[in-house]
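Same chain, two partners: subunit A is paired with subunit B first, then with subunit C.
Presenting the complex of A and B:
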């Protein structure tokens, strides 16, 4: 026997069984006396849940829609509509591709009506995409956009539709609802035709074409007889091997219902899917919804409990919530409710998904949200930094020894990658006007070459962000923002500039500039070694070369020590970083990460907007009234600040200190057992030998308590900064 | 994974009217990224603009790669929800593969650019 003449085989429940070329998996199973679910009326049209099985590890697959192929592994995990077990071992979902297509018109279904509709659209000069389940393009959802999403043999296809969605999905055959309708051997007329065409013997056949005469199906597991009522009303037993159900059709309009009403696109339905066929007679007995195993008696129970509206009956009974989404049961549930209530209710809402899909198919084409990388990202990783996500960026948490990093800042010199800071350049004749209206500080009093710490407020007077304004010339300024707030701040600045019609140019330099903070008592010495002879004074800035690299150098301090922030072209960041580390070796330099920085800044009582502030933090509540000049003519948030200043203060952000280890951030404060606020930042201070914190504290009669309890331990209200109160070290 | 190269360019931020008046070049790639911003990539150098307040920045933070039409079509088809313009050459920008990209599309190839913070992810998502 040559290889090509070997019989084709697939594997069913561990056993190889032959199939014939052209078989679907279902036909191959029936050819070998296997019923995927053990019973129920088969349709071979993809409408019912009776042929579900697990194929190649994927559950809930309609075997009638999948061509059989050699080696295909089928497991009857849905027998008697059981729920298949979840994979017991680590399961790696294979990647599913996604493709996007754009078209004026999408036609779903390629029967006569669908073909005609597509041809008509093409003739009219429209671009058309056709989708047909019979060709392996199974539409699983229609979404606003409008997007028609189909599962195809090449992965997920997302069709972006500009003008019209035409549903031409035809009609499904009605299934029988009677006692015994879960037996094997029941099939629709179309299914019987297909099986006979495939060469399967159906044995003795009884055709049921009058639901009024159908009483029940009889048999153990396979149907052996159909009981019908004759003209005299007497029951007649008709022996059979196959009961062929020919009770008419119902429009297959789920996708039309799903798409109807989507904005920006026409939705039409043509052919048999557009027919308004009568619903079948009200069933008296039997299973109505096979997916959820809901019988007529269950519907009666739901009705008796007061659920009379179709959407509620669906939820109360679960009829229509299974894998076929009402494809089989909906006509009968509507019929039941019409019989009870006298009114035929419209079909229930159809929402994606129309078909079960895999997690891989759900994720197809999706990407995780990007965490940004600074120009020094590779340098940090090469130094084995422990990287963490913070403010939307990958940042070094530490380089293995946070304590050494901390003390390098306090006692020697250290550098930190602060490229994540928002950075913006503003230029133009109206630059000052823009900034003076935008910020609560008097920008007009900032001298060229000087910088100022500023709050950014929203219209409600709440703190939106903070940063630095630096004046380069009368018409040119740089701004900095927090790492996490930079994107919002850019939109904020641009929006106001446009709203006020100001003549300014704005450039976001956050990603084009790197930034390195050189900090510690020996920072000046390090920069001198790098060739900077005249570093800027406190809160001023200069343009100069550091280690041969052009920089704008800002003198400010977040750590509490002498600090210089070097802004430079991002491409130069690695060279500058390595050069500074080389030059600082004899100064015991080491880089520090966020872990050390959070301690350093908290010792100084510096806030982090977003961590220490809340959505309703006013300058007064965070003790930053000094940053708000209410004698300015106007600025964003001024009126709200004036209004809220008239209200008595109900809470403040304050400093606390305590002995022992720090509580978790977010820990509650209590006074006399009553809630009094919560901790926003807490750390053990190496230099102070105690825990220091920032916390929101409720006021009572305008007074803040001096002592609070945190996790059963006392804490003392303490003025900030906790360390170097006069700021002598930063201004040295 | 295609090798990503650095594409140094000049960013010009000025008034829309002045940017509209810039003579484009047949050799340089000129991308109008916003009404008030223009990217100039390649030679000759960007022209001098008659705006004392213009921001002219030599920007070295963009990285990217040229894709053949075939590779570009496959990548865009799998990762882009919006339809690319059909004229050539043409500039387009938006989210592709979850990244903010700038595209310069020529008849036989397409340049994909991102800023450096997205470079690693672009490399992964071009595979």
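Presenting the complex of A and C:
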């Protein structure tokens, strides 16, 4: 026997069941006397919830829309509208893909009117994408952009539409609302045709084409009779095996309602989807919404208790909130409310998704927020650095021994990868004008070859970022920003340059330049070994070669020791890094990570914007008034600073010190048992032999208390810097 | 018959009168709660709530139903803890089922920096009555066995802040419980009436102009979401508020076996399972200010991607529906409540992404402010004039995702 002559089989509730090529899962089930949910009027059009089952681990699948495949596993988890369990398996599927396509026109639905609309558009020379559920292309939503998103047999498809979206999704058949309408053996006229064409026997058939005559369906689990009213108004029992429902249609216009009003694109609806059919007659009995098991009596009950708006009735009765999103019940709920209130209310808001799809499918094409890597990332990892995410970057936290790293900085020499700094070049005739308006410092007094520490304020006078301005020439300046704040700062600078219409060029060099900080008392010696004969003086900068690599060398200090920051083409970073380490071997050089740096800078009382500052940190509150020149004609935030300077201070960022180990960053301060602020940064200082901290401290009667309690231990307010107050080491 | 069909609340509608003691603009949770507490706590029932659409149709019906008090500053922790407490007794007080359930909330940390933030949060929470503990990875796994502790290999779980009183309630039910409670005591709630202007004599508000004529009022409370700056402008006020979109989505219904509220700051994602069994998920506000209620696909794609990274079982769940609300953001990420400088004109706004959880406390406190003419201590720090007086209330705990 060859394999092809084996009967095709799928698995239903654990039993292999044969099917015929071309069957949907539903047809295969019906062929074998299985009903996925046990009852309800089947439509075979994907509109109703009566054929739901779990297929290959995914619940809520409309089996009429899925072609039967050998070996596919079906579980009747929705029988009698049971609620399926959450999947337990942590099965990781291969991620489906998401493709993007562009078109002038998208036509949804390829029935007669959809085909015609597509043909017309093509004839007019437009590029057309057609999407048809019958060909496995389920449109799940229409979004601003305009984008039409569909699940296809080849993954997700996102079509970007330039001109027009044409909805040609046809009409769905009305379901019956009467007692007994959740029995098996009920199906729409189209469904009956399809099943007969597939060779299924439907037994004795009764066709119902007048809702006014329908009284109820009778039977245990399968319909055995339909009760109808005859011309005289008398009830007649008609025995049957199948009740065929032929009550007319309702437009399938959900996608049209969803798209209507989208800016930048035309939205039209054609064919049966465009018909403005009247709602059916108001039902008297039976289930209206099968997804949420809502009957006519339930609608009556919420109506009687004051829920009259369609949107309120939906939320109170839950009709329309299930998996078919009102596909079956909406016409009847509207009809019910029109009957009660006298006016036909518009259909409720059509929201995506038009067809449920899995989160795994939706996630296709998604990605994590990118954590940036410096040009030295590979070097750090090769050195077995413990890497951490910080400020949107991967950074070395330590290289195994933060204490050794710390002492290398304080007593010898060390290097750190500071490529994460935001770096920007501003050039052009208006460069000075831009910076002078933007920054609260007098940029005009920065001399060529010099740098200055600056705050950046927003228009509310709050600290947005800090960094360095360095003047290269009258028309060229470089700016630096914090690693975490650089993206926002760039938007900020560009936005103002644009608003003021200034003649400047703004170049983001964050990624193109590497930066290595050389720091420690022996920093100058190391650079001399690397061929730098004339290093810059404190707060100045020069262009020179270091170890043969062209650099711009800035002299500033965050660690408190003599420091040189080498900015260079990113491509040269690994060579420069390795050369410095080689040349520094006899100086006991070792690189330091973020963990050591956080201690080093805290000993100097240097703030980190974002850690020690908050959304509402004014220069005054963080003791940086000196960085704000109020005698300047104007700068962003000046008016806010003038205004807030008039009122008394309520809180300040200050230094604290205490004996013993550091508290957690975030620990509360108390004074006389009352809350008085919190710690923003805390560390044990190896060189000072005590804990040093920065903290937000509340003032009382304009006075800052000198002593506070933290976790039951006393701490003393202490002037910063904690270490090397005169800055002699940095300026050495 | 579905057990979740509303079976008890009865709403009674009245014809609008020409004059009320108090007119409340906005028939969402905040406006209706204020009417409820005016009636129940202060005996003030000559009150009208004016809603331009249907009650609870704005952000009250678009949020992700989370109730918590683990904010970043003492004033906020105290305020939200009051709300958590009022929510806990709301069902007993109103004799209505709002599907309130205390679940506990797990705020995941994935890095050193995260851990620092979450530990700080736990410290300030616990000090001010919102019990929050730092828990290690083993305990996290025990509370939420569904978690992939490696975070898809990208976001390892290194611990979490566990907020004991994190809870959820059905948003619509909360709105209706307050509406019914106010109506029963004589307050009027009018749907489909839009306020188009304010009547002001001197520096005092005397009534509102509406699409159905003028209505006189002794006091007016602006409790609208989204277009609050437009309503405040009718009183000549400029609010420091920007409005941004916030999106969310739910899956189909499943058996209720996912116990906690789970949140990850770095992954910009949080999830809980509703009383009806839907998995309800959201992320952060969109950066671009907007009043639009349209959802976008990029949000859904990104949020689903991050969700399945942490909770792989979600892959096989079917997404049912997505939607969008709008958030009024203040510069310090704290709400604005109380008097405005225009006599008789009160405001409750700046509810950002934390409006639902504040409904009872905001309603209770505004009702007290209106009935007594004095600002209660609990909300005094949140007054509008704090910006001019440089007494801002920066709250990093609020700047989270939900």
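What we mean here is this: the second predicted complex is superposed on the first by the 695 of 732 C-alpha atoms of A that agree within 3 Å, B and C clash if a C-alpha of one lies under 4 Å from a C-alpha of the other, contacts with A are read in each partner's own complex, and residues count from 1 in each chain.
Note that a residue touches a chain if its C-beta (ideal position, glycine included) is under 8 Å from a C-beta of that chain, and two chains touch if they have at least 3 such contacts.
Since the structure is predicted, the reported quantities are computational estimates derived from the model, not experimental observations.
When the shared chain is aligned, subunit C comes close enough to touch A:664, but subunit B does not. Of the two partner chains, subunit B and subunit C are each touched by A:368. Residue contacts after overlaying the shared chain place A:7 against neither subunit B nor subunit C. Within the superposed three-chain arrangement, the count of touched residues of subunit A is higher for C, of the candidates subunit B and subunit C. Legend: residue contacts after superposition of the two complexes on their common chain; A:428 is shown touching subunit B, with no touch to subunit C. Contacts of A:158 after superposition: both subunit B and subunit C are touched. When the shared chain is aligned, no partner comes close enough to touch A:341: not subunit B, not subunit C.
When both complexes are overlaid on chain A, the residue A:70 reaches neither subunit B nor subunit C.
Once chain A of one complex is fitted onto chain A of the other, the partner contacts of A:323 are limited to subunit C, with no touch recorded for subunit B. Legend: residue contacts after superposition of the two complexes on their common chain; A:203 is shown touching neither subunit B nor subunit C.
Taken together, the two structures place residues 98, 158, 365-369 of subunit A in contact with subunit B in one case and with subunit C in the other.
Across the complex, subunit C is touched by residues 57-61, 83-93, 98, 141, 143-145, 147, 149, 158, 262, 292-295, 298, 301-302, 305-309, 311-312, 315-318, 322-323, 325, 351-353, 356-360, 362-369, 388-390, 397, 460, 462, 614-618, 643-644, 647, 650, 664-668, 675, 678 of subunit A.
Note for the complex: subunit A touches subunit B at residues 97-102, 158, 160, 365-370, 372-375, 377, 393, 425, 427-429, 475-476, 503-507, 509, 511-512, 569-571.
Only residues 1-2, 4-13, 54-57, 61, 74, 110-113, 116-117, 119-121, 123-124, 127-128, 148, 154-155, 172, 176, 191, 240, 251-255, 257-258, 266, 268, 277, 292, 294-297, 300-302, 304-309, 312-323, 331-333, 387-394, 396, 399 of subunit C touch subunit A when the two sit together in their complex. Looking at the complex, you find that subunit B touches subunit A at residues 6, 11, 13-15, 36-37, 53-55, 57-61, 76-83, 97-99, 115-121, 125.
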